[in-house]
Amino acid sequence: MNTELVQKIEAILFYTAEEIEEKELAKILEVRPEEITVALAELNEVLSSRGVRLVRHDTAVILTTAPEMSGAIEKMIRTERERDLGRAGLETLTIIAYKGPVIKKEIEYIRGVNSDYILRNLLLRSLVKKSTEEENGKALYTLTTEALLHLGLSHIEDLPEYEKIKKTLDAHTHSEKNTDTDDAVEIKKEMEQEMEEEMPYTEHGY
Amino acid sequence: MNTELVQKIEAILFYTAEEIEEKELAKILEVRPEEITVALAELNEVLSSRGVRLVRHDTAVILTTAPEMSGAIEKMIRTERERDLGRAGLETLTIIAYKGPVIKKEIEYIRGVNSDYILRNLLLRSLVKKSTEEENGKALYTLTTEALLHLGLSHIEDLPEYEKIKKTLDAHTHSEKNTDTDDAVEIKKEMEQEMEEEMPYTEHGY
Amino acid sequence: MNESSYTIKTHVFEGPLDTLLSLIEKRKLFINDISLSQVADDYITYIKNLADFPIADSAHFILIASTLILIKSKSLLPDLQLTEEEESSIEDLESRLVEYQKYKELSRHLRDRFGMNVSYVRQPSREKKIVFAPDKNTHVEKMHEVIRRVIAEIPKKEIVPHAVIKKVMSLEEMIESLTERITKSMKMSFKDFSGLGKEEMNKEKFQENKIEIIVSFLAMLELVKQGIIDVRQEVHFQDIEMETQRVGIPRY
């Protein structure tokens, strides 16, 4: 346990008030990246019962207020919560969250509609971003850290069913049709059952 | 011991980044001032071994980085200043240079992405400033004198192709949909052609 | 189909898959060829009655309609042989619906969370001083290069795909034309009607006219259902003969 390193990281994150790459932290603090990773895990632990949280997305970290504190903050800044994402926005964000990084064409294939407008909207709201990577010259969309903050998540894996879905997705892409791993098949079945139970689906729930 | 209140206070102080009067905290959190005093003492205790400190000025409190952390913070400051502007930073800077004075919304319209964070960064680096004028209550951004000097320009109009580019940018933002002036259409075509010929453009060329 | 079984008109759908999925879920069915054939009419009625047809997505709507027609006609004419391509477009529609349903379900998680308990980023630190700090790219040549790139990449204005719209004939028109021409000739073939027989159909041409052919077929089925015409196909893949019984007096 390296308390001093943890303190320094906390101070830097507090000061900068922005996302920072783990490797940049390593450079500034002149330690190996692995040490940063360990210290961040520790900081995360320390903060777990506090008013402040460590949020990790991809290879970057940022300090934020704890999601449970949103009421207090909103009272102070007197803002209305932004909840007007709309169905199309929600659907698109969901696909990017669970399936991302993903190209526009794939989003449109799943939704069955042109998604230019909605993607542009999500970009302007800073909820999705184009990844620095590309797929055959096509932009790949991923979630932004800000989207995680709006969802009150410290990590994308905290999304409900995230691991489960990723597993089925991977099983689908790695093996072609009908060669799902037993695991994936079971998960699929399970999901189908869940859906069955949850119905009747309400049209106007959104 | 009221952990929740302590957490809320920490979150608020973390978020605001400025001094807050104790009685203001009491008002926001709807508790008696004495409760705030007790909770602050507790927060002070909790933070004593952390990278962040609670500092009192008379009846006001603020969170700051711990004094022992000044070395790490110094390094962070230097890192921030030496960091490359990146693609997003350069794009925003050039839009402000050619189109300025310009409001944030127009910059975002041209770039297609949210530009809050980038603008903040350019302001901190003294490359752009908010003009004294406003447009319907919205801040107008222009290049700073320092930036002009650094670029070796006596006037912003001395930028290459200034008139032509400004006109094109204006045509895209001022005129609503599908009313491009012939001029703008032509300029855009020309530029697209030139681009195609000249590039291969590298993403990481910045 | 009576009116009461069709009461989703008030809802604005996101697209053809959303429309179709809602129709299936409304009947509490699972996604398979049987349920799809059951909702085919609902879907077609829906898109026929759509007041504000989403022009940009009209082709998507019609293409899915065409697949539904395939499914429906297969269920009406069990002997109908489908090509491999047609089979796969049916499978494809099913798997797309399953996939879409999955994300629609998942989007509830995001809906429940979005904006509820937001984590806030700290306001810009007061400890930060404004210090002039250009980088190595802050020079005129680079800026000129960047701004030109920015202009070239400004999102293009939305272009309404007129070409697509032109190709997609409306169902109404098709049914009208069908009724009229059948009344005239009393007996004609599907090939003549759809234009398939007019000129030699190479693959490209067929692709081009696919929608029209499909719409024709759909219209034909609609007329059969309404009892205006009878159809007869002597041999698979051979022409389908259409005959009126008593024009103007539909049999129900």
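We call the chains A, B and C, going by the order they appear; numbering starts again at 1 in every chain.
Criterion: contacts are C-beta pairs under 8 Å (C-beta built on N, C-alpha and C of every residue); 3 or more make two chains touch, one makes a residue touch a chain.
What you see is a predicted model, and the numbers here were worked out from it, not measured in a lab.
*Asks:* What chain sits nearest the middle when you go by CA atom centres?
*Replies:* Closest chain centre to the overall C-alpha centroid: A.
*Asks:* Compute the centre of every chain as the mean of its C-alpha atoms, then state which one is farthest from the centre of subunit A.
*Replies:* The most remote chain is C.
*Asks:* In whole angstrom, how far does the Cα centroid of subunit A sit from the Cα centroid of subunit B?
*Replies:* Centres of subunit A and subunit B (C-alpha means) sit 23 Å apart.
*Asks:* Need the CA-centroid distance for the pair subunit B / subunit C, whole Å please.
*Replies:* Here subunit B and subunit C have centroids separated by 44 Å.
*Asks:* Counting only Cα atoms for the centres, state how far subunit A is from subunit C in Å.
*Replies:* 32
*Asks:* Indicate the residues of subunit C shared as contacts by at least two other chains.
*Replies:* Answer for subunit C, listing residues that touch two or more other chains: 120, 122-125, 127-128, 155, 158.
*Asks:* So which bits of subunit B are touching at least two other chains?
*Replies:* 11, 14-17, 65, 73, 80, 112 - these are the residues of subunit B that touch more than one other chain.
*Asks:* Within their complex, state which residues of subunit A touch subunit B.
*Replies:* So the residues of subunit A in touch with subunit B come to 3, 6-12, 14-18, 24, 27-29, 46, 49-52, 63, 65-66, 68-69, 72-73, 75-76, 120, 123-126, 129, 132, 134.
*Asks:* Name, in rising order, each residue of subunit B that touches subunit C in their complex.
*Replies:* Result: residues 11, 14-18, 64-65, 73, 77, 80-85, 89-91, 93-95, 97-98, 110-112, 120, 123-127, 144, 146-147, 150-153, 159-161, 165, 168-169, 172, 177-178, 180, 187-188, 191-192, 194-195, 201, 206 of subunit B touch subunit C.
*Asks:* Where on subunit C does subunit B make contact in their complex?
*Replies:* 120, 122-140, 142-144, 146-152, 154-155, 157-158
*Asks:* Subunit A touches which residues of subunit C in the complex?
*Replies:* For this pair, the touching residues of subunit C are 8, 11, 14-18, 22, 25-26, 28, 54, 56-57, 60, 64, 96, 99-111, 113-125, 127-128, 155, 158.
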